[in-house]
Each structure stands twice: as C-alpha cells, then as structure tokens.
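Worksheet: the structure to be examined is printed underneath.
In this document, chain identifiers A, B, C, D, E and F correspond to the written order of the chains, with residue numbering beginning at 1 in each.
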Amino acid sequence: MKALLARDLALALRAGGGFGLGLAFFLIVTVLVPLSVGPQSELLARIAPGLLWLGALLACLLSLDRLLALDWEDGTLDLLATSPLPLEAALSVKALAHWITTGLPLVLAAPVLGVLLNLPAPGFFWLVISLLLGTPALSVIGSFGAALTVGVKRGGLLMSLLVLPLYVPTLIFGAEVARRGAVGMETQTPLLMLAGITLGVIAIMPFASAAALRVNLR
Amino acid sequence: MKALLARDLALALRAGGGFGLGLAFFLIVTVLVPLSVGPQSELLARIAPGLLWLGALLACLLSLDRLLALDWEDGTLDLLATSPLPLEAALSVKALAHWITTGLPLVLAAPVLGVLLNLPAPGFFWLVISLLLGTPALSVIGSFGAALTVGVKRGGLLMSLLVLPLYVPTLIFGAEVARRGAVGMETQTPLLMLAGITLGVIAIMPFASAAALRVNLR
Amino acid sequence: MSLAVTDLCVARGGVPVLTGISFDLAAGQVLILRGPNGSGKTTLLRTLAGLQPPLSGQIEGAEDQIAYAAHSDGLKSMLSVDENLTFWAQVFGRKDIDAAIEAFRLGELRRRLAGTLSAGQKRRLGLARLLVTGRPIWMLDEPTVSLDVDAVAMFARAVRAHLAQGGAALIATHIDLGLDDAQVLDVGPFRASPEDLAGASDEAFL
Amino acid sequence: MSLAVTDLCVARGGVPVLTGISFDLAAGQVLILRGPNGSGKTTLLRTLAGLQPPLSGQIEGAEDQIAYAAHSDGLKSMLSVDENLTFWAQVFGRKDIDAAIEAFRLGELRRRLAGTLSAGQKRRLGLARLLVTGRPIWMLDEPTVSLDVDAVAMFARAVRAHLAQGGAALIATHIDLGLDDAQVLDVGPFRASPEDLAGASDEAFL
Amino acid sequence: MPDLGKYADAVLSSYAASLVLLSLLVAITLYQGRKARRALEAVERKGNDRG
Amino acid sequence: MSVTEPKTQPKRPSGFWSYANPVKFLALSERILPTLWWLSVICLAVGLIWGFFFTPDDFRQGSTVKIIYLHVPSALMAINAWFMMLVASLIWIVRRHHVSALAAKAAAPVGVVMTLIALVTGAIWGQPMWGTWWAWDPRLTSFLILFLFYLGYIALWEAIEDPDTAADLTSVLCLVGSVFAVLSRYAVNFWNQGLHQGASLSLDKEENVADVFYFPLLVAIAGFVLLFLALVLYRTGTEIRLRRTRALLAREARL
C-alpha cells in the first residue's frame, strides 16, 4: 500500500502527471469568472465563496479521469487485481493520492484566489476549513465514478455526469459554510453535516468502488 | 474528408462516444451555480449571461480531449498522416465534427438553462446568437490545443491550461454580447468583434494545428 | 502447490468459447496452450487468473498462487525500469529486483524510462516482473511477442529456472519456445458448441 | 515505383540509432529488416514513412507511396470490422473492401465491433487495411505478432500477391515469414556509434 | 370548452406540452418495440431455415 | 480421470419468481398488455377530461388548478419510477434475474419523461403563481437533481457494451445514487426555504384539496400509474427481444 501511494505520487509529479494542473484550472476558472460576469467588485464579493467552491469542485473533477484510466489502459489494474493487495485498499490509497496531489493544493491556493474575487476578510478562514473538510469526500466519491466508467474509452465526461449529482450534498454544505463564514453567520450546523458526509463517504464508498471495479475488470 | 466527418460523427454517437455529454455537463454546471452561490433570483439574473457562457466554454473544453487523443492512442493519426488527406483538412473536419456534436447542442440548450438562472427575457435571443457565433471558434481553437498536447498521456488538463487563455477574447466578447443583450444595451460592437475572431480563427488556426500535430507525430 | 482444473467452461462477451477443459498442473510442469486465433486462450487464462468467473467447472489451487502476464505489460512509461520493477516487488511484498534485472539483461537500461524502450525491451521488462512476484504459477499470454531470438532463449532459461525451483507455468503461444519437456494442450477440440450455454448470461434468452 | 535510400542516419529520442543505411527497393521486391531488440528497426520504418525526419541521408521515391503498419493497428473498437475498413478505403480514395475481407478471411467477423476481436483477429484486420490503401510500398513493423500459423501463411500469400502486382514491401520481423525470395537486411552492423552525432539534436551541446 | 380566463395560455400550454411528451414517449416505445420484434423474427426465421 | 459427474439441473423456480424467466415473462406480458393499455387510456382520458372540463376554478389559483391533474401524477410517478428501479436493481444484485435488470433499464426513460413533465408543468404553473418560471425551491431543486440522476443512469447503460456488466454497474449506481438523492434532499432543504405547496394528498383533511379536485385527480393518478406499468412492461419486452436477438446472432456467429 505504501508502494502504491509512493508510485501514484511519483507518477503525478512526472511529466504529464497532472500535479498542479488542477490548481492551474482552478486559477483559470477563477480568472474567467470576472471576465464573464463583469468586474463589479461588490457583485464578485457576493458570489466569491460559492464560485471558489465550484471552481475547486470542477478542478477536482477534471483530474479524476487520471485516477484509474491510465492504470486500466496499460493493464496495471488487471495485475493489481491478481496481487495480494485487496482492491478496496488499493482504491482508498488511490483516492488518498488524488487528494494529496489535487485537493490539498486547492485548499492551499484558495485564499490567494479569494483575494482575486474580493472575498470578504472573515471568509478566508471558513473557506479553507470547509475545503479542507470537503475535498477528501470529493476525491473518494470521484474514485467511485472513476471505477464505474473505467471500461469506457475516454469516459471522462460520462464520469462527470455521474459524479456531479453525487457531489451535490458536499457542495451545498461546503459552500454554505464558506458563505455563512464570509458574512459572519454561525457555521456550526453545515460544518457538522460536511464532516459527517466526509466521514461516512470515506468509510463506505471504497466498497462500492471496489465492487464496480471488479465488474469492470471481468 | 466526408468519410472522416461521417466516421467522427458515427463514433460520437456510439457507446462512450460522448455525444450529449457536453450538454449534460453544461446542464450540471448551470445547476451547481445556484447551489454554490445561493438561490437569490435577482443575484442569479445578474450573473446568468456570463455564467452560461462560462459553462458552455467549459463543456466545450472538456470534450476536446476526445478530439485527437483517441486517434492518437490507437495509431490512427500516424496512419492518417501518411494518407493522401492533408492534415490541415483532417483537422478542420475534426473541428467541424466536434462543433456539430458539442457546440451546436449547447447553443440549442442554452435558452432552457437560461430559464433556470432567471435570465432576463431579452437576453435569450442574444445569448443564442452569441453562442452560435462563438462556439465554432471554441472548437477550432480547441483543436489547436488538442494538437499541441496529443503526445502527453492524459493531456486533458494540460490542454485546458493551454487553451483557456486562448479562449479569453472569445469569452469576453461573447459574454459581453449576452450581457448587454440581457439589459437591453447596444450589442453591435462586441458582436462584430466576435464574428471577426471566429472567421479569423477558422481561416488560420488549422495551419497552426497541423504544424503542431506534425511535430508531435515525429 | 498444484493447479487442478475440472470440466471448466469459460465465456467471453456472454458467449461460451471453451467447454469441458480439465487438466492438472503440478510443480515443475509447464503446459503450453495452443489453438488458432480467437479460440479462447486469452479467455481461459483470464478465468484461471481469477479476473472473470467461469461459467461452470472447478478451479482448485489458483487462489493467490498466480502471476499473470497479459497481452499488455502494465508498465508506466513515465517510471524508470528500476522503479517499475520495485513497485511490483513491493506490491507482492518482496524487495529484491536484482535477480530479475539479471535474468532479462536489463542492467544497462535500469535508469531509462520505460516509455523510451523498444517493443522488445518493454516485453523483457514485462517478463522480468514475473520474477519479482514470487508467485509459483506463471500464466503467460503470448510472452515472446516481439522478442528476438536471444531474448526468447533468455525467457526459456527463466522458465526452466522457475520450474527447477518448484514453480509451474501455463503459456499461450503460437510459436515454438524451445521448452522440450513441455506438455501441450490444444484448445481447438474444446471449442464450445452453441448448445453449451449452461450458465452463460445469454442462456436465459435462448 | 522504386525506393532508394542513401546513407541514411536515423535517431530516436535525440540519439542516433542507425547510420549509413543504403538500399534500393524495386517493384516486386521484398526486403526483410532483421536485428536484435532495440537495434532501431521501428525507428527506421517511421523515418521512411515520413513520420520523423532523418538526421542525414536521402530517401527517394517514398512520398505518397507508402502504406505503413505500426505496432498498433489504428482500429476503432466501437466501429465494426466493415466500418473500420470502409473508412480507411475512403481516406485513400477507394471503395472496394471485399478483396481485403476475402484475403484475410474476415467474412464472418464483418459485423463484429473491432473491440470484441481477439488479439490475432485484430491483427488480421490491421493487415487487411493495407490492401485497401492501394499504395505500392508496404512498410510493416512485426506484422505477424500474435498470428497463428494459418494466418501467417495468409499474410505471406497477401504479400506475394502484392509483389506480383508490382508492389514492394519492407518488413521488420524476428520470425520466419516463409517468403523465400526475400532479401534480408540485418541492421545490426549499422548501429550508430556515439561519434555519429552529425545533425542529432544533442550535437549542439557536445 | 371551459372558460380558462387569463390563465388560458398557462393551462393550455401545460396540457399541450405534457401530451406531446407523453405521446412522443409512447410513439418511440412502440417504434422501438416493433423494430425489435421484426429483428428477432428475422433472426429466428434464419435460424429455422438452417435447420 | 474420467468420472463424469451428472450435470446438476438448475432448480426451476416456481411461483412468482418463475416470471423472471424471459420467455414466461414475454408470454405473460403479451396476455395482460392489451388490457393494461386500454385501462390506462381510459383512466387518463376520464381523469384529464373530467379535470379539464368539469371542475370549477380555484378561488385563489383560478383556472391554473387544472394543471394539477398533470403535475401531481407525473411528479409522483417520477419518484416511484426511481423507486421501482431501485427495487429491480436490488433483485438483480441478489438473485440475478435478467428480467429484473432489463425492467430497470426499461423504466428509466419513462421516469425521465415523467420528471420532465413535472418540471415543465411546474414551470408553466410557476409563471402565474409565483411570477417566475423557475425558483430554487428545495422541492424543485431536488427534482432537478433527480432528473440528473436519471440522465446519468441512462448514459451509463448506453455507454457499456456488455449487457451484464452494464446491469451490474447501473445497479450499483442506482443504489449509491439513491442514498445521495436522499442526502441531497436534506441538503437542499437546509439550503433554502421553499415556495412550494406542502403535501396535499395527506390523510390529514385540514390540508387536503377540496373533493371536487380530489376525485378527478385520483383517477388521473391511476391513469398515470397504469400507463407507467404498460410502458415499462412493453419496454421490458422490447429489451428482452433485443437481448434474445443478440444472443441468437452470437450463437450463429459460432456455428
């Protein structure tokens, strides 16, 4: 398992590995928002927490198709499935690697991009907290989507379609925390819900993903 | 060339071909916007034209990686490059097929999604017009990005990174037309600029794309 | 360690391709699968490796004993030869890769990225992976594709060494591998007839 | 129609792999490229097919004359056998695919999606593509990989028919194809030494 | 025809839209069903001819 | 080794499960479909004509109440169709009856159309009542999300070549999706307070719509239920025939 994590991280850092691309995408979407909705700063401040969450979610989503597809194409998944490592563990490790290479950088970059969108001052703290709690759920749910669509050539977009509705609860509670935080309201309830979702998903989702992957390998 | 167009369209319609997925993505992004920025309809109406343009752009972007990558992986591009068809023509045809399967459905769906975001009534006409004029440019510019990154495994995100800045002028003028249209301002100048960009891009871009592709095939 | 297959029926795409396959494979033995293209060798190997369920029949002694090498090699083109091998060694709970490097003469290529190898060099690396798994039963699907004559001999040596250590091997191939004492199983006669649908997912609809 | 290669030097990954290659290939001739793994056969074929520029030397008569078949086949797994072939026929401005279907006995598989074929059946389809291009010079990189004995004979027949019609072929392979009158070019002796860097992209830094 | 008052547009268009959607669904369903039936019959007939 | 064991005949299921056999299912559906079609057409016609022509206007909503005869039945069926798919998926996962998987596949497009009708009639109703086509009311939003779940489910069926693989994967998706659909419902409720009507068919008479509207509505709901059943039964038959065609062709290819 440590070997798998190390390998996935190494691969992400190599040429074409996609480390930092999620980040770049996040950055660019954030930059394009003022270009498309116009530059009024009070408007931007109102939509900033929500759009930052949306941008992070999209960035996360887009890097998902690397999660399994590459290993599928070159036969690594077949070989992993015949190895002593249980698939559930392999998938959890892969989700973890995805979070480290995508979710974590997004969390760290979010405050900087918040400045670009005139995020009100108290919002920064809550934005980071909510992303830190929420992005692991995004990675884990995403690995389920990736496992479902791994047999489909260039399933990337199909995967988006399947995964996005599954992201809805996480997005709602996450954005709610950030939004309430930005205007100084109480954030405890959505924060607890967010944490609950993340924990539940981490505990249960790998089994569903492994089941889907086994079917696909068949 | 007709054969290539027919084949690309047939492939798009087959299982996993991705027809309609761009559309679905557009729909989903539009749905997620209110979930993240909150449900106030007056706020949504203000950001609607811009975000619809941004959504269409992202949907277009995401389906780009199918444009060449599949043909690259299975060796079709190598074989096409040694065929009598000039690469410039092949790339134009592929961009056209991409527009028909992605851009056109987006244009047709945009009014429906406008309802979801409370787009003001006069905005619908201008939104459709601007998308109709702008999306071909998105496909053609996208084919350049795809040609640049075709050698990189899972270059999807890298491609997004390269292409998004190139999309900026189209986005600015396109969203401007839609925004001005929505509030009843004059739209002629940005509309002309948008048309100019699209025409210029269609005339020149295929040569750049073909050059990039030739380098990648080497 | 021994593999016993009884009256196996395997399917691909919901259609049975081979039925009534039975054989035993004991330590030190090698069995060559032969049969024309599309006769079902790959399907049989995948079933034995546990990647797909059999339609009917028993497989005994396969669980956690099999190192499978498919048509594709499971190599990462962005990792070096060394890194690729080390990864698989760790997955199978082992450390030493030098023996494998040695056996397939990859010494000079250790630092090279797998993506820059030629077709035959890649294949050699894929075969070296078998040595680091430590699994007793090798299942190989056309292992010598794009290997030159020297490399085929290298491969035969590796198989013989594996057998000498009490391993076994099941190899699907169209060419002669130079393994003299090998038994041969021609899958041709076991081709499933359209009636052999017991358990196939299409059966319910016929 | 004839291909003339003079003093060619080819490189892969910025490193020259073969130098001083010269040969002529006239109508009706077949030239077999041999050489150990990693000696540069694939690189040479890609250069001749115009996919990468040579470091130095001349290639004459190759422009628009070559049908190239690489390690991978350029098949769409979601299109049927028929649709795949028809597409390539149209790209090369031709219509008739029946002869190709006939030559590689694909008749029964015509309606099947290419993705559901076995390794050997896929390869047969890939080779059938050569027949619909109508190009005179075939350049084949290990064409008989995963073909069974029958299919190799089928392939040899197709090559002979092509030669009889005034075509030519250049084939890189490790096994015996049963083409008796073939000339053989062993690329081993042409291996580039580290000094042969004239024109390589690294040269400027040495 | 009942008098629908100022909401005639809304009521009529919702009935029209629903009926159109429903009849489209039924039409497509029947079309696909017929097609599948024909295809199956053709295949079964061919199988019987053979023996 | 030549001990040939007698092939164990799979136990033929009897009773209810025997209809999981495609051939028996086809025979059964063939027998009851005509009745079902007629019943559904009659109920729909009676309910809708009664509702459209012979009910008074509501004192607050005017003639727009007439939309209720389309809106409520289709909304109910949209939810129930998903529920039926969930049950069918579970049966497939546990007992692996092909008919069950195909019934789930057949129900999905019917479910989408029902969802669409509910959305469209709701939107048209919203214009006079709330002054807007669309509002991000929790019930509306969760319906939109349900629509997306349907789309994803159908797209997954379409994308996968092998029918059994597709059945397995869509079943897993249906299970996981159901959990998340419920979660979304709660999330959306938390996120926004609604404009939408409460449940008006509850047994609690206080909240209930008046009887004049109630009875035609019940008939219309019965019509939608029957139509749903007829459509799903018929479509399942179509799917079975397609599967059988495929199986026969595959067998022929091997002859």
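In this section, a residue touches a chain if its C-beta (ideal position, glycine included) is under 8 Å from a C-beta of that chain, and two chains touch if they have at least 3 such contacts.
All values reported here derive from a predicted model rather than from experimental measurement.
Novice: When chain F is left out of the picture, which chains can still reach each other by chains of touches?
Specialist: Connectivity without chain F: A, B, C, D | E.
Novice: Tell me which chains count as touching both chain A and chain C.
Specialist: Expected: F.
Novice: Give a one-word verdict, same or different, on whether chain A and chain B use largely identical residue numbers at their interface, taking over half shared as same.
Specialist: Copies use mostly the same positions to touch.
Novice: Could you tell me between which two chains the number of C-beta pairs in contact is largest?
Specialist: Ranked by C-beta contact count, first place goes to A-B.
Novice: If you average the CA atoms of chain C and of chain D, how many Å lie between those two points?
Specialist: The answer is 28 Å.
Novice: Can you check how far apart chain B and chain E are, centre to centre, with Cα atoms defining each centre and the answer in Å?
Specialist: 34
Novice: What is the distance, in whole Å, between the centres of chain A and chain B, each centre taken as the mean of its C-alpha atoms?
Specialist: About 24 Å, centre to centre.
Novice: Roughly how far is chain B from chain D, centre to centre by C-alpha average, rounded to an integer in Å?
Specialist: 37
Novice: Considering chain F alone, which of its residues make contact with at least two other chains?
Specialist: Residues 145, 148, 151-152, 155, 159-161, 188, 191, 244, 248, 252, 255 of chain F each touch two or more of the other chains.
Novice: Identify all positions of chain E at which a residue touches two or more other chains, and write them in rising order.
Specialist: none
Novice: So which bits of chain A are touching at least two other chains?
Specialist: 15-16, 70, 73, 152-153, 155, 158, 161, 164-165, 168, 172, 218
Novice: Give every residue of chain B touching chain F within the complex, in rising order.
Specialist: Interface residues on the chain B side: 15-16, 20-21, 24, 27-28, 31, 34-35, 38-39, 41, 44, 115-116, 118.
Novice: Mind listing the chain F positions that touch chain C in their complex?
Specialist: Chain F reaches chain C through residues 1, 5, 7, 21-22, 98, 162-164, 240, 243-244, 246-248, 250-252, 254-255.
Novice: So in the complex, the part of chain B that touches chain A is made up of which residues?
Specialist: 15-16, 18, 21-22, 24-25, 28-29, 32-33, 35-38, 43, 46-47, 50-51, 53-54, 57-58, 62-63, 65-66, 69-70, 73, 152-158, 160-161, 164-165, 167-168, 171-172, 175, 179
Novice: Which of the residues in chain C come into contact with chain D in the complex?
Specialist: Result: residues 13, 35-38, 42, 71, 116-121, 123-124, 142, 145-151, 174-175 of chain C touch chain D.
Novice: Residues of chain C touching chain F in their complex?
Specialist: 7, 13-15, 22, 192-194, 197-198, 201-202, 204-206
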